[in-house]
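Take a look at the structures below.
After this come two complexes, each holding chain A, first together with chain B and then together with chain C.
What follows is the complex of A and B.
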């Protein structure tokens, strides 16, 4: 592969609704082929046959490009994960896997994830419907060419029972520095969990928040229509957006200098440091992003900040620079990258 | 008073020998008047008479200006202390005090400190002889007009026995970031203490090092000539200078990127922060100073850095801006000052 897909990732464009808070809206549809066993019972040989069958169908499409995972190196696989194009399970799986990336850059199909097919669409901003439209169109294309496992009573059948029915999972990728700074984040996220939503930090492990980035998603798909599932997530997300706006407003009013101090220090460090770990860069970039979002920093676009947020990650950085780097060299090169991109205004 | 003496303080000029390490060399001569009791036994009335007598002599001089301490406000007194023109004891004393500041800016006479007269001279860089010359000339002038307490056997008599003889105390104000970064500082300072020298952080309390600034001085003056006392401090200071140079050299060789990272982050924060406490500013300025001293930063003179180091202190800042400020407002104004001075290159 050796080309970084993030140059063309439309979900980083910051063009969708409320893109100062919602970085992207994602929809994932799980499907399985009727003629094959589910993941847990699928032998290696069967997985290989399944992959070959689907690959043959996809390769006839001019809409995108097919990648055989056995031909990708670990940095390329890690880069796909860092770019939100594949799932963590898919990245580390030992199975024969394939990936179809749409040229439009807003949709990927994972083959041999937990389900035989996982269609994932990502669009900029707060736009679940837009995201669903993209994924649904691809699902229909596949449905027309492959016989999918479907039951009149339950709907689409999936490897894990929580996905049975629509096989739909919807999520939003949120930037919530206001709620973190006003210390309201826990209360807000607990509220979302109470109504059955899953919430997690995007880049951190467990409770370790990085860059004030959070992902909120539905957990159960059984017994609801697609429209209902989208609605289940849409309303609380709207509410979180309002809370975040209020928190930012409150910061502007009650701690304007502390806020500017945080933002302009972060920008200054990103422009001047000679060593930057990905954790520190992510956290500093969050403050700069808040500055751009609130109009305090006018020299950079949100699209550039989004791009940097993804580009700074270890594998993406190495692919971007075209060479493998030790962790220490990555910190040096990351600092150089930020200097270049922020001093030149991108 | 209401004028900040630091504009004219020659000891901040960074022109003397080794001024990349030794900020200033100070000499203090203690003298007492024969006709008056020593400090501990001096009544308030006697202290007042003593002050009036000395003030009358000093006021005839065209070399400087006399200040009655009872006419100075607490910010002005604090500013004199921050500018190294008076001692901490003198600043907080309840006695009737007076100060004579030489126009040249390199010498001050405290009246009614622990001794009746304390003549203190400060010059830029590593130059004890130069500093002694200034103080000695003033001492001779006073000696010609006042009858000083002198004993043929012991020499000049002082309030505290440790000062008897020459009444001379010599000290150097050192910037030792290299030894702090290489963690050799403790060993080096312990070595100095072993041979009877006093070492302390300049702005911090106790063991709290701020801005990597240290003061080294002799402790005992009895039984040695002036030249011997100067020599006692000169050799170990020379050695510390060599250790510091070696430490800086080692940092350039073995950790050049970590060093640059530290220096350029500090500069970026000083230029961009909206809130700066005096502790943080002092520490950041130390890193910038190291950058200037090592030629990594070429936009600023050491004289500017020295000036900022003194100007950033609370009372100096308020006098400079011509108004009294709350601690929080000081942090805001300090940040503005750094932005202005460093963005405009001073």
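What follows is the complex of A and C.
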């Protein structure tokens, strides 16, 4: 894999609905083949047969590229993780694994993760339905040619009983600096949790580490249909969007100078720093992103900000520059990258 | 103050977590450990944690899946099945566990090789309704009319 797929990742395009708050919507469908044992009992030889079979079906029925993980180096694997195309478990697994990346760039199929198939679709903005349709098309294509493990009562059978039924996980990747700055984030996210949604993200007292990025997703996969699961997640996501809009509004009414200072100070550092760690760059980029999202900064597109958000990560940076770098060299090169990209406007 | 996790680096972030006893635990972490953790406020209890809890309470039985050789004891230990037939083999033992994780006993969603694909249709209609709403908001009336036609077709097919 000598080319970096992130150039063509449509989920970074910022073209979807509400993409000033929802960076992307993701759908993951877990499936297993009836004819193969699950992960816990699958031998390496059987895993190889599984990979070959699924890769073959995908290659002949849809356009895309297959990556055999035994041929990828650790930086390439890490880059796929940083670009949200594979899961952390898949990245560190010692098993025989493969990834099929659709040519359109909006769907990645992990083969031999915890389940034989993890079909992941990622689209720009707040669009669970659109994301589902992408993943579902691949699921139906595989279903028409392979016998999937299914039970009348339990639905689609998975390695872990927590994924059984629909095998469906729907999630939104959110940028919520307004709620962090107005200190309402905990209350809002706790609300989502009380209705059974999973919330991930890091925020600490006073420091907005990890770029004010959060993820919410469903946890329950059995008993609700696919459409119902999407509905369960849609309403609270809509609500969070409204809260975030209100928070941004209140900031620009009550603390416009402080807000602009934060945004333009961050931009100045990103444009002129000589050393940037990935954490610092992520946080500063969040402030610049807010400036772009609120129309305070007009020189850059959100797509460029999204691209930088992914490109600044260590493995992506090294692949982009085409050489491996020590951590200190990475901080230097990252600073150069920001200077260049923000000067040229991408 | 040193990080509660690695006990090496300076703690910079205060994190609240809900511990196993449902009490809020405060952790002081360095940026690296906080990033690795990736979770600030954990769920009250995640399905995976609930599974582990339920499995420790489950009685031992001498059952082995004839297809993959997984024993019920192995399943109790790791919480993962060895093959699709395990669900059949251990059915009476796992029904209660699955019901209590999901709050439901049976699947109501998609099925393999369905002719009509009601879920896919329903979600397509949901998407079209959203698109219609946005087209109207942007006053793109031609596009809105197109979407209305598509929706009508889907409704008639139902």
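As a convention for this text, the second predicted complex is superposed on the first by the 336 of 346 C-alpha atoms of A that agree within 3 Å, B and C clash if a C-alpha of one lies under 4 Å from a C-alpha of the other, contacts with A are read in each partner's own complex, and residues count from 1 in each chain.
Note that in this section a contact is a pair of C-beta atoms (placed from the backbone, for glycine too) under 8 Å apart; a residue touches a chain by one contact, two chains touch by 3 or more.
Note that the coordinates shown come from a computational prediction; the quantities given were computed from them, not determined experimentally.
Colleague: If you stack the two complexes on chain A, which partner ends up touching A:34: first (chain B), second (chain C), both, or neither?
Modeller: A:34 contacts chain C only, not chain B.
Colleague: A:176 contacts which: chain B (first), chain C (second), both, neither?
Modeller: After superposing on A, A:176 lies clear of both chain B and chain C.
Colleague: If we overlay the two complexes on their shared chain A, which of chain B and chain C does A:273 touch? Say first, second, both or neither.
Modeller: first
Colleague: Given the touch rule stated above, what does A:122 touch, chain B (first), chain C (second), both, or neither?
Modeller: neither
Colleague: Given the superposition on chain A, which partner contacts more residues in chain A: chain B or chain C?
Modeller: C
Colleague: So in the superposed three-chain picture, is A:157 touching just chain B, just chain C, both, or none of them (first/second/both/neither)?
Modeller: Second partner only.
Colleague: Looking at A:143 after the superposition, I want to know if it touches chain B, chain C, both of them or none. Which is it: first, second, both, neither?
Modeller: Once the two structures are laid over each other on A, A:143 reaches chain C alone.
Colleague: I'd like to know which partner A:135 touches here: chain B for first, chain C for second, both or neither.
Modeller: In the superposition, A:135 contacts neither chain B nor chain C.
Colleague: Can you list the residues of chain A that touch chain B in one structure and chain C in the other?
Modeller: Dual-contact residues (chain A): none.
Colleague: Inside the complex, what are the residues of chain B that reach chain A?
Modeller: 257-258, 260-261, 264-265, 267-269, 271-275, 332, 335
Colleague: Given the complex with chain A, which residues does chain C contribute to the contact?
Modeller: My answer: residues 12-15, 31, 34-35, 37-41, 43-44, 46-48, 51, 67-70, 74, 78-84, 86-88, 94, 97-98, 101-113, 117, 119-120, 122-124, 126-127, 130, 134.
Colleague: Note which residues of chain A are touching chain C in the complex, please.
Modeller: Within the complex, chain A contacts chain C at residues 17, 32, 34, 36-41, 114, 127, 129-130, 132-133, 136, 140, 143-144, 147-157, 159-162, 164-166, 168, 186, 189-190, 193, 198-205, 207, 209-210, 219-231, 279.
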